[in-house]
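Across the two complexes that follow, chain A remains constant while its partner is chain B and subsequently chain C.
Right, the complex of A and B next:
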C-alpha cells in the first residue's frame, strides 16, 4: 500500500494536543505492511510523522504501542538526531532536532538499520586518506 | 594481512599501565589495511583489543589518534555496549560491559555499521508476529 493510500482522516478542528484523533491505529497497520515488504524483498521505507494529521497524544500512543528496544543511536551533526529501535526489530523511531534542541521532524523507519547510521563508501575513502596521512606523519616523527 | 600476522611484540615486563608499549602504532597500519579490504570487497573485520599486548596508555593513544565521530550507539542487553564511530568513517570502537558496568571486552570493528546493530531477519519476523497480534487485539477492543 503506498503511503498516500493510508486511510487517515484530517484532525478534527478544535482537537486539543492531549486528545487522540483516531488516526494513529491505521499507522500500526501500515507499519506491519512495511515490515512485510521489508521481509519479502528488503525494501526499506519511512513515514514522515509530522506530515500526517496526528496530535501529540497520537504520537505518544503510537510510541507506547511500539515499545522501546535495546538500541539507541545518537547522531550529532548540526543538531542531535536520535534513532531508537522500537520493541519491533526493524522499526526505528527517528527524531531530528535543530541546533537549539527543538524537534524538527520525526519519522518511523523500517530497515535493518537507518541509512543515516551507515558509513558510506565516499566517506570511508576520505577517512582512509586521513588515516594514511596520519600514519605517514607519525612515521616521520619516528613514532613507529 | 591476517590478524595473527600483525607484528606486535609482547608487552615488556614491568611496564606500567600509564606507559606505552610501542605496540599501538602497528594497529593503525592494520586498521588502514582493514579499511582497504572493506572498500575493495565489502569485507568487514574486527580486532579484539584485549587479546593484544596493549597497556591502557596504548588504548588511550589509539583512541586519540582515531578521534571521535558523529555517531554513538548504545545497546542494552545483559550489560551495556557502546559502539562509537571514530573520526574515520567505517571504523567503530566497540566496548562491551557486564551488568555491573565493568568493561568486558573492547574491539575495533571495520564495517558500514557493526553487525550487532542491525535488525536480523528472524527477529523482524518475531516482531511482526507480535505487532499483528497487537493489531488484532486492538481491533477486538474496537480501538480501530
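Right, the complex of A and C next:
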C-alpha cells in the first residue's frame, strides 16, 4: 500500500512545535544576571537548555534575540559541536551533536571562552613531546 | 587495562574533548547542573582503573531479554561501550562466549572474589519452590540469594527485577516477585522501564566510577537523576496541556497538531522516567513524540493500573475512592474542565475522579 493511501495525514515537521510557550523571555534576565556575576567576580556559569520546558520555537526566538557574534567555533569530536559567541560578548551558544547530526545537548555558557575550547595541560605536554620528537628527527637528518 | 580512564580512551582514539563533551551530555541527561559535567569528566578521566576493574555479574531470571536488547543496541555504542570496558563483565549468559561448565566457573570465580556489582534482570518466581524458572537445575531464588550474598550492591534492571513486572501481573501464576522482595540486606538500585533507557545504566555506572557511590534514590529505589521528574513535567507537549489543548482521538485535528495526549490515557503525569529528555533510538523520538501516550512502564504495577487508553481522571466508582486521592485527582481534573466543561459537570454530579494510584489498589 502506498503511503498516501493511508487516510491519516502526517504533520509536516515543525508544525506542532511552532508555538512559543512563553518560557523563553525569562531566560534573558537569567543570562543578564549571569553576566553581572561574571563581571563582578569572574564566575563562569551555564544553562542546560534541555533541562527547561522550551519548544523549538522558544529556542529559535532566544537565538534570534541573542543574535550572532564574531566567533563561531566548530569542534569535531564524535559528531560536530558548535560553540558560537552571541551578539552579547561572553555569552556562548553551545550545541553538541552526535555522529548522526542529532542534537545531544545544548547549553548557554557565560565565560571568556567555553572550557571545552581550552587546551588541557596534559594534552599540551603530549603535543610538546611530539614536537620535540620531530625536532630531534630533523636534527638527525641534518647530521647525515 | 592499565592507567587512568582517559589514557585508555586515548588509546582507543577518544580525545579528551570528546570525553568532556560526552560527560556534558551525560550530566544533562542525568539532570545534573552543567558544572557537574566537568566534575564528572575530571573524576572519571583520572579514575584509577590500574589496580583492578570492578567486577560485574549479570543474572537473567524470569525475563524476555528486552532489557539486554535495549542496552546492547544502544545507538551511540562507542563511548557507552567503553564505559563498560572499564568494568569486568564476568558473567552475562546472553553475551558471554563461554557456556556450560566454563561459564559456571567464571561465575563462581567472580563470586569467590566478592565485592562485585550484581545486575539482575527479570523477576523471581516463588511458586512451586521456584520451579518455574531454573538455570542448570537451580531455581532463580537460590541463585539470587547466593549471588547477592557477596555483592557490594545490586542493580535491578527493568520493571520485572525492580517491581515484579509483567510476570507479577494478576493473577501472577508463577508467584513472581522483585529483587527487593527477596534481598533485604544489600543496597539495591532499581532501574525500571520496559525496557529501561540504555544511558540510565551507563549513568549509574558512571556515577559509581566517578563518586564511588550509588546515586541518590527515590522512594521506589530509582536514581533521582533519571527518575526525579515526571514525563509530564519534561514533556515538550506540556504547554498544550497548560493551554487546555487536547487530542480527543488518535486521528483528529488535535492529534495532527501534536496537542496533549492526556485525554487519550497518557500516564505521563504520574510516571517518573527520562524518556522526554533522553528519548529513544539514539535520540530519534519517544512515545509521545510518535503520537502515543505514555504507558507508565517505569511505575510499579503499571500492567494492572487500568486501561492504557483511559484518561487518568475518569469517572470511577465513588465507593472505591480514598479522600486523599480525591485531592490529587482534582488537580488532574482541571485539564478535563478546559476541554469539556459540560462533561465535567455531569461527571462531577455522578462520579469522582481517580488517579493511577487508585487504579493500582
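Keep in mind that, in the parts below, the second predicted complex is superposed on the first by the 126 of 144 C-alpha atoms of A that agree within 3 Å, B and C clash if a C-alpha of one lies under 4 Å from a C-alpha of the other, contacts with A are read in each partner's own complex, and residues count from 1 in each chain.
Just so it is clear, a contact is a pair of C-beta atoms (placed from the backbone, for glycine too) under 8 Å apart; a residue touches a chain by one contact, two chains touch by 3 or more.
From a predicted model like this one, the values you see are computed outputs, not experimental measurements.
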item	value
Chain B or chain C, by number of chain A residues touched	B
Touching partner for A:88 - first (chain B), second (chain C), both, neither	first
Touched partner set for A:50, first chain B, second chain C, both or neither	second
Touched partner set for A:77, first chain B, second chain C, both or neither	both
Chain B versus chain C as contact partner of A:40, first or second or both or neither	neither
A:130 touches, of chain B and chain C: first, second, both or neither?	first
Touched partner set for A:100, first chain B, second chain C, both or neither	second
Interface residues of chain A shared between complexes with chain B and chain C	75, 77, 120, 123
Chain A-facing residues of chain C, complex	14-18, 20-22, 24-25, 27-29, 31, 33-35, 38, 75-76, 78-79, 233-236, 238-239, 242, 251, 256-259, 277, 282-284
Contacting residues of chain A [partner chain C, same complex]	7-9, 11, 15-17, 19, 21-22, 45-48, 50-51, 53, 55, 75, 77-78, 81, 96, 98-100, 102-105, 107, 109, 115-116, 120, 122-123
Residues on chain B engaged by chain A in the complex (per definition of touch)	25-26, 28-29, 31-32, 35-36, 38-39, 65, 70-77, 85, 87-91, 111-113, 117-121, 123-128, 130-132, 134-135, 138, 143-144
